[in-house]
């Protein structure tokens, strides 16, 4: 099977990462690559790391460019996917890397986003374990519309879901602090994203529950816990181009011990090709997953204070965005889930 | 007034930073510089950034080298300060950058450290506000023995103490995640500290309440709150040489609003020359305090989840160690507190 | 065709990169992984980025571990390859990533290395163009012993060879300054390689013609020029984990113009899958080739001073070492040259 | 003596660095701080590292704001200084950090700059040694108009001038490759300066003799050599915020040996407080001079190829711009040359 795939928003970092992965995918032929403001540009001038595609010219992001492909990846600012998706055929696999179809709760959408609620698509986080033990993977097989998770929600949810699903921790009063590489902020020209400002510096942003990934994290944790979830979420910007390190703590359930906590993770992730539960005593390092579709996870119980502390590392552009998109596409197409996806990080 | 100062442990990062600050201090003449394993080395071969001292030769760290100075800075591994301090004259100002004399509770010391409890000295964090509104500064005036705080406790305590002291937040179930530059780990030759491993990567360590700064943080927060304190503390290693960003959350007290939270900080820090409470909406960035003795602080109330979120940025080597040492020395000597200390960070 | 491959020296950076590439190679099954001092360790404890191999245990680097594989990669300190290679079967493809078999001139070897001269194997830089227009590729087809080039020689030679081969520049008085990421120095525990020392700093080393890659560079440039070559080579250490940027200048031949210079490169690299001659006005950036087997090249003529200035960017671990090794193996095995090798860099 | 100083262009990196230094200068009171597009902004919102000045509001860059100060620092884009300087009193010390008054040769100016030639002011590089052994320092004493050198010319000229002045190397066919931190490019919002693009990457720019610092370098080297000079100059962008490492090679004069080369540097820099000639075998590291006004220099003779190789490290914002400006001001005001200037770098 060789399918054709178009990438809309190919001049952004997420779009570029999708192209990088598709170049190594044995079952995909890259079709149209489109952009908004950068339409008409040579791809090599914008993303010179994609050497084999350097002479491709970016087409405008219009339905007529995208239609006719087996798969369409949308890597657009939120609010732009619904109109395009509506015009694409039902049997086209549309994989949306934006936020538009992630949330189930219209009120949460409205509170955090400034565009109309577009609906909810199957959620592209195959490993997410629900309270009943099922995983999100099932809804992705043969799906034709897929909502790729946000990068922070990927790290946080995969860090905490096993503990919540197994009942060893509670979903209320979760506290998360996560550090992200600068590519998470995209290619926008803002002074605080200049190399001179970023290198050698860490800073928080979106503090106090206002970051847009907050409701998505709570939705996932609620699914895992089978209860409501409340999360204090503080994202920080770290001096590295890629990677998210999420440190998530949740109140331990009464009477839980370290063995039970560990067992919850071993059970949840025993057969997951992209989740690597580290041996006890080792902790995730973002550098080990850069460029790969892996999540490295570790957990411990701080008995003194009664909190489970779970940490996950992902590459925000790969497993955090483009890798999850391709992984979900593989499921939708009936391909082996790992097809074409890097299993080893680019380290050191 | 010109005093003479010796620095023991001058070949480490903390000792080097003390020397950097003393070189610019108008009232201090640098006397002996000593080391253990590096004794006999030219300082310029170990710390070439201290150009004016390049031809100094490191003496062995022995009492006879240190005695005879007005001030002695100790920048030694923990467990080494007590024996030396006991042999120095009572009227010599001894400023210990190690952990040995920071804790009041012998049991806490014994749990976290592997050497005998040495006692408790006045604590070199002048801005730390207690539950009764007094500050640690008072005990430092004319002190002859000073325990310089740890770098993480500096950032965390100055982030949260005003909220606790004013009663707008509670000291139980505090959750702190802090990112530190690699110099916090010292100059030890360990594989995970190699540049190849560190650059582009974040990782946690000492997770689950085992980091030695935990009891010191709890001691400070308890002082501020007037109650017991319990802290889930997760330190992380960030790809930058200097700086700590501490994100600290505490449960908000009943009925507290954002105005009360802000007021607590404005009151606590109104007259502090080294604590800069940022205007609302701005958040600390470690890069802005690098090389300076400043702490940048911001706070907000996340009403959705009922947590106060406070963030502080310091340079772990300056305000987090050597700057606090010099600031405390200034107080002990009766000098203006800011004498010789950098008030502006080296940015970008 | 599926071949088995062993990797000796798998706990070093070069060995780890070979494993990363082989994990994605469709025709290779990874066999023995061996180490010297790290024998007996779990690979996941040393190279956690190689997630699928985490539970592999490193065997000792002994012939009995390596024999029986179709391909053996040697990633050993120089001086160790000859003894092992001599004991491996003639029909085993031995790919040496060390320096031992790179030089043709025994005197040059003796001057720069401290071990006996081992001989000369076919040189694993397929794109290197000789004065007569032939390329090194030809000697690699069906070869059973291959000497993988050094990382600096890769960047410098591919930057300048077309100009020398075409006669538009001269091989005498070449001046090269190259910046390398820290992984080029390997995983050795040295103070100047600590992250705290490396980040935010650049420094030269091996200045004045003493770096061991100097004779290898001169050998390649002499091959391209058909004359003797003399090179002033200054390597510098840059604050990044991977990548080499080589800036190489050579005296322009009499009467040469910019068009002739450009033409030399277009001709030499027209059909090379791993050499990307950038469009005029664009210059290589190491970040664009990280993790890939690509070389980005650009050249210009500075008519004011009569020098051709050529710049190449490579990933020192990929095209600079492990990628060239796999590329050469592909040629030796009769596989398409690009099989299993990344064509796109991991950027940003 | 306390003088008042105004800073025009205070919202840029150079202007910010001037303010950082002046905050620690015991003889200067900071007066007006002005900007163009950022006029009206709070300084704390633009340069939060200047904590003591956070509440200052930037005035527009107009003569009426600047007049009335003893000293005026201009940190403006080139082409803007002449009109302002002409309206300032003759007894006001005007220190121009722009390029406008650096070049003596109108033709060179016209070739490289796009504005009218403004003239030539005394050149603020006190340590620059001429062919006759005099230094630029002499012209700065009591000067009222000073042209601060460019950052690259500072590093290159101080690296090579002693060799040229002493006649041990020749000024023709000099080859320089220099790496600069990103702050050298200023705060302009350009995609290639984003942190995501810069971190982990090196790239050249202005290749082939087109960089504007080229004629300034040649002017300085010609002064030192007493002959014409020609320089192949390639600047590169390095993944660090501050620092320049210049590697400069020049053809050795006939019959010169290493002792003569070393002697030239020892003589030239014996009494220079800001130039640190490293002991033989040690090489400059930009990290050691960050934030300081120091230049670290080393030199060797590569006898094989007949080139002198000299390397200098400076902080582009401090000794490369603002530090040289304050140093020159000190000379102009008759203050000790080192007054208020940092002699130690902020390392690690």
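A, B, C and D are the chain letters, set down in written order, and residue numbers restart from 1 in every chain.
We take it that a contact is a pair of C-beta atoms (placed from the backbone, for glycine too) under 8 Å apart; a residue touches a chain by one contact, two chains touch by 3 or more.
Keep in mind the model is a prediction, meaning the values are calculated, not measured.
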Indicate the lowest number of steps between chain B and chain D, counting one step per move to a touching chain. 1
Report same or different for the chain A and chain D interface, where same means the shared residue numbers exceed half of all residue numbers found there. same
So, in whole Å, the Cα centroid of chain A is separated from that of chain D by 46
Cα-centroid distance, chain A relative to chain B, in whole angstrom: 37
Considering chain C alone, which of its residues make contact with at least two other chains? 13, 181-183, 194, 196-197, 199-200, 239-242, 285, 287-288, 290, 347-348
If we count contacts the way the header does, which residues on chain A are in touch with chain C in the complex? 13, 16, 19-20, 23-24, 26, 42, 44-45, 47-54, 182-183, 199-200, 241-242, 276, 278-279, 282, 285, 287-292, 294, 296, 342-348
Seen from chain D, its contact residues with chain A in the complex are 13, 181-183, 185, 187, 189-191, 193-200, 239-241
Chain C partner, complex, touching residues on chain D are 173, 175, 177, 179, 181, 194, 196-197, 199-205, 207-209, 230-232, 234, 236, 238-243, 245, 247, 249, 283-288, 290, 298, 300-305, 307, 309, 311, 313, 347-348
